[in-house]
Amino acid sequence: MKTYAACEPVPVYRVLAEDGSLVGEAPDLSGERLVELYRWMVLTRIFDQRALNLQRQGRIGTYAPFSGQEAAQIGSFAALDPQDWVFTSYRELAGVMFHGFPMETALLYTMGHPEGTKSPADRRIFPVQIVIAAQLLHAVGAGWACRLRGERSIATAYFGDGATSQGDFHEAMNFAAVFRIPVVFFCQNNFWAISVPFTKQMATPTVAQKALAYGMEGVLVDGNDVLAVYAAMKRAVDRARAGEGPTLIEAVTYRLGPHTTADDPTRYRDEAEWRKWRDERDPIPRFRKFLETRGLWSEEEERHWQEEAKRRVEEAVVRAESYPKPNPASVFDHVYGTVPPDLARQKAAFERRMNRREGRE
Amino acid sequence: MKTYAACEPVPVYRVLAEDGSLVGEAPDLSGERLVELYRWMVLTRIFDQRALNLQRQGRIGTYAPFSGQEAAQIGSFAALDPQDWVFTSYRELAGVMFHGFPMETALLYTMGHPEGTKSPADRRIFPVQIVIAAQLLHAVGAGWACRLRGERSIATAYFGDGATSQGDFHEAMNFAAVFRIPVVFFCQNNFWAISVPFTKQMATPTVAQKALAYGMEGVLVDGNDVLAVYAAMKRAVDRARAGEGPTLIEAVTYRLGPHTTADDPTRYRDEAEWRKWRDERDPIPRFRKFLETRGLWSEEEERHWQEEAKRRVEEAVVRAESYPKPNPASVFDHVYGTVPPDLARQKAAFERRMNRREGRE
Amino acid sequence: MKELTVIQAIHDAMRLAMERDERVMLLGEDVGKNGGVFRASEGLQERFGEHRVVDTPLAESAIVGTAVGLAVAGMRPIAEIQFLGFIYEAMDQIASQAARIRFRSYGQYTVPLVIRAPYGGGVRTPELHSDSLEALFLHTPGLKVVTPSNPYDAKGLLLAAIEDPDPVLFFEPLKLYRAFRAEVPEDWYTVPIGKARVVAEGTDVTLIGWGPTVPVIAQAAKRLDEERGYSCEVIDLRTISPMDTDAIVASVEKTGRAVVVHEAVLSGGVGAEVAARIQERAFFSLEAPVVRVTGYDTPYPVPSIEDVWLPDVERVMAAVEETMRI
Amino acid sequence: MKELTVIQAIHDAMRLAMERDERVMLLGEDVGKNGGVFRASEGLQERFGEHRVVDTPLAESAIVGTAVGLAVAGMRPIAEIQFLGFIYEAMDQIASQAARIRFRSYGQYTVPLVIRAPYGGGVRTPELHSDSLEALFLHTPGLKVVTPSNPYDAKGLLLAAIEDPDPVLFFEPLKLYRAFRAEVPEDWYTVPIGKARVVAEGTDVTLIGWGPTVPVIAQAAKRLDEERGYSCEVIDLRTISPMDTDAIVASVEKTGRAVVVHEAVLSGGVGAEVAARIQERAFFSLEAPVVRVTGYDTPYPVPSIEDVWLPDVERVMAAVEETMRI
């Protein structure tokens, strides 16, 4: 009896070796653009480290760091147009900020400010999704709307390896394939879902091969190789725009930090594994070596940019910390388009209470 | 860029050709057992037709006929042990009755009698599942319990092509693969989910290949070939019992009748397609021809069995129709192990009301 | 004006909305070629095409979740859940997603989505096809929950739901789909969401129902008038959330007595909220406790038992007697 | 006797149960190696092995659904949902499956399953980590819903839940996990499911709360006594379903006034059911309407706002003042 047992493995797509040397076809990007990507990888890494620091000082709340995943995020967002729809989880800040989400808004979010989810008006960045995998369906719907409305735009969904276990992942993939929706599913396989390792999350060697269950194309890419990621995403985005349907991309990467600031990875993660990823596979030095070899970047530029990036992050911190405090009564304003009568009564009572409190204070 | 694009197709496993001639390796079954399977196929077909008839006369309620799918069901149940766990949807009555579920209980169910779901004490047949795909998770749990308790038993889940679109299908497959649960997922692909055809349900050519997304074995079998189905199921059951993990079986078959007695398939189904399946692919004549060639069955035995089967069905109808009417107050008895105080008050009030009613009538 | 059934009125509303607004589309299981298992969308796919009347794969979370994305990105989807009992599969997409996206985005993104689902008992369906689950959604801010009891309201409320900028759950009492006909204007009109309707005025006791129980309480009121001379005020809530507390309170202030009737089980049902609000806002008008006549606290029973389990005219009459005696 | 926190008491109960009964097992996200994100199961995997303390893939419907199968087939699973806000993903498996299998099978199959989930606000979590959803399950016959407010009850109720032959939802107020310690017997004991506890006796007004609001009403009672001389009876409901109506009614018959306090949003909350039952069964004892002090009818707000959104001691005191003035 012949059965479906295992599928022919596909090699991980890679453009840069771990030492930064070219081992594949470099995508068609100008030197300027390459440097821009690099700058953003550095800037967001600095942002991330600063945010961890602010959390320790109690200046922001729970924070989910993305260090180690900059190439996967920035490389893939680099292939998007400003009007493409973006649906992410909580760990895609590097990509989202590169795409135009202000750093201070990102900080406001972690400070628990209600305006911390607002996308710039000229972008279509959806608020952070907390429910694992729920955003994949929204992306399918948004991509579908783009096609129905005759827009050029496509939709993207970002999620982790853990998200692939959810029913919503499956249903989204199936709908996207059946209706050939212009959507790209971008999975950052960082090998951990909090404390659950990849090998306990699924019994397959890759996420990418799951595409075979849907009649969709699955791409396996080195997520710490910004050029490979860009190329894979560009191809998927182009296919989606051309009406050729959805793609599932698995970008193999690693979360260097804790799951969130409330997590202690030493409880479950092998130190040697972590050290290997940190010391040998960090996407930033890898890309830097490539740029330096090409004469696109220098020690001096690095020093300069490190300072400049820190300054930008600090400015964002200042802007976020001096942002007007929220009006608590605003909680009643965005439940419905129009506040219904009973809710208006609750709001009035709430405001009276707030006023009395203030009077007392 | 090499991608996961399509997988190598696997041929449909088949033992009997459509004309009943042997084209594969016949499984190791005695002549007696072969005849038993055939008898059950005929008996359940007669049951099914009679049930449709009873529904039209208003003697039973909504009924979901299985005609056309007898080989898939009886062939697969034939590979089970009495103590294996059975979790089905509403369309597996042929298999379940063959496995020991009394015909009159099946009729009680369609009559809306609360005792219509009760499994014989020496079987582990779970009540019919109405929520599409929910039973797959129960099967995984039951199979898991068997292993934890050191039982030889395994669990099976039966479902349709439509069920594969549900999140619960995906989550069950993944859990089963990750924990290597002794469970067999048996999908009867009958090409229709009410009015939605297979090609709108998914973008893959098969259900079986979905196994590749889970690291599980996927088997594609001709569901109208009772011997092929038996062989495929036997293999999967043996593997599960031996600790080799779960299997997904796709049995390709066809629902010859309406979705349920409330459905009118002429609204959505091509008559030619239906006619082809009815006239050329019916599993019963196909198997009969095989038996006749082997000298295991004759015209005379057929006539005799047809009568005997009708008699058995009629007896079941009589038993069901003369079964004691349910006590409506029993509705309060199986909500919890012990009736809580407020519910006991509701029950008392209900009984008073019923008594008053009876007094009036 | 034509005389239509509830299901025809629903069909009419969808047709009109799709004619008038290109963004309106319908998606769900069997809604296209088959026209819906109750024929609510009969002929709509032929008329508006497969892109606007979409047969989906069998997955409720995806039906609602993709509809959320469609709505956010500029469409006006109507998502059908084949029976309300299957809505649990889409709970996260409804309660954590559709309901909260306006709030989560500080008003930047909105979800103008209608979710239609038939519900209610009395028609001998298999398990889980008759459950009344409206209470679950009363507890989720950001949702509106609407249920018509007659053809006029069915069309007017559905058009209001389609126009609404927020997610509206539109629950259709399946027992009433073809129970009777009534005059329905051919043109576009809306029945405002959030407003109850006084079906009959009265002075002795207020009967409150919605969807499938409205004919029950109307009938009980009639018989109580004829047989006992009681004057019942009959209120059809029409909108479960946001609830028209003012209308309920105004009535009970007049009558001093209230009976609330729903098919859903008693505990945690909408009747509890109605009773709580009445005693909060009309305490000193109340002459007797608010009585609830509802399904019992058991799962919805099998067909052979459902008729005696459901609230019926006799139970409502007995409850009124009880409250009038106090 | 040792002094334990709530989370230690929960840990203790699970350890004891796993020692005593081989069929008891724990499954969920991060419950094994990591010991749970709140450390409820710290060290249990090391002690009882990977087969009994199981880190699952990230899928709530599967966690509950497989646990249903495990329970039916002879195990005694405890399924953990990492935060109650994610329970929507498992709604069908809870409400249509676990809750109904005894009923569906006419008593043949049962589901002795415990579902644990932390809930409640006040600790600055991200979105959907603080929602109180107990009311959703009050409306589902076949389920029991339990929530402790102190270490003693936490252990005793959890052991009762594990012994129970039916599915029990065990909701843990995460704000109280480490808020204080109290004496907890080292041995096995149970606190009966379905029984409320009178935390403090009083004669003027009954304060009713559960889980995270119990310390709030206890504190309010103390201050009302000290500052105003009001004698408050404080009731910890402990079990949401089946509700201990008798205890509530007995108290209100004595005090004539009631204030019910929960973090969940007002509409459709458990407070509505409590108010409805009080007015049904203690109508003539009531001197004032039952007052509800709850979350507002909005989604749970962001951390910078939650403190003023949640019911607090001052709001409870104001509500008592209000009801005492009547």
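Lettered A, B, C and D in written order, each chain numbered from 1.
In the analysis below, a residue touches a chain if its C-beta (ideal position, glycine included) is under 8 Å from a C-beta of that chain, and two chains touch if they have at least 3 such contacts.
Computed from a predicted structure; not experimentally measured.
Trainee: Can you name the chain that lies farthest from chain D, using the mean of each chain's Cα atoms as its centre?
Mentor: B
Trainee: State the pair with the higher C-beta contact count; candidates are B-C and B-D.
Mentor: Comparing B-C with B-D, the pair joined by more C-beta contacts is B-D.
Trainee: For chain A and chain D, what's the span in angstrom between their mean Cα positions?
Mentor: Centre-to-centre distance between chain A and chain D: 35 Å.
Trainee: What whole-Å value do you get for the distance between chain A and chain C if each is reduced to the mean of its CA atoms?
Mentor: 40
Trainee: For chain A, which residues are shared contacts with two or more other chains?
Mentor: 114, 131, 165-168, 171, 174, 178, 200-202, 335, 342-343 - these are the residues of chain A that touch more than one other chain.
Trainee: Please list all residues of chain C that touch 2 or more other chains.
Mentor: Those would be 56-57, 59, 61-62, 85-86, 89, 92, 96, 103-104, 127-128, 141-142, 243, 267, 297-299.
Trainee: Can you check the complex and tell me which residues of chain A touch chain B?
Mentor: Residue list for chain A touching chain B: 1-8, 10-11, 13, 165-171, 174, 177-178, 180, 200-205, 208-220, 231-232, 235.
Trainee: Which positions of chain B touch chain D when the two form their complex?
Mentor: Going by the criterion above, the answer is residues 85, 87, 114-115, 117-119, 124, 126-127, 131, 134, 136-146, 148-149, 155, 167-168, 171-172, 174-175, 178-179, 333-337, 340-343.
Trainee: Would you pull the chain A residues touching chain D in the complex into a rising list?
Mentor: 61-62, 90, 111-114, 116, 128, 130-132, 162-163, 165-167, 193-196, 200-202, 262-263, 267-268, 325-326, 328, 331-332, 335, 342-343, 346-347, 350, 353-354, 357
Trainee: What residues on chain D touch chain B, complex-wise?
Mentor: 25, 51, 54, 56-57, 59, 61-62, 64-75, 77, 92-93, 96-97, 101-110, 141-142, 144, 164-166, 194, 242-243, 245-246
Trainee: Okay, in this complex, where on chain D does chain A touch?
Mentor: Listed in rising order, the residues are 29-30, 32-35, 37, 55-59, 61-62, 85-86, 88-89, 124-129, 266-267, 296-299, 301-306, 308-309, 315, 318.
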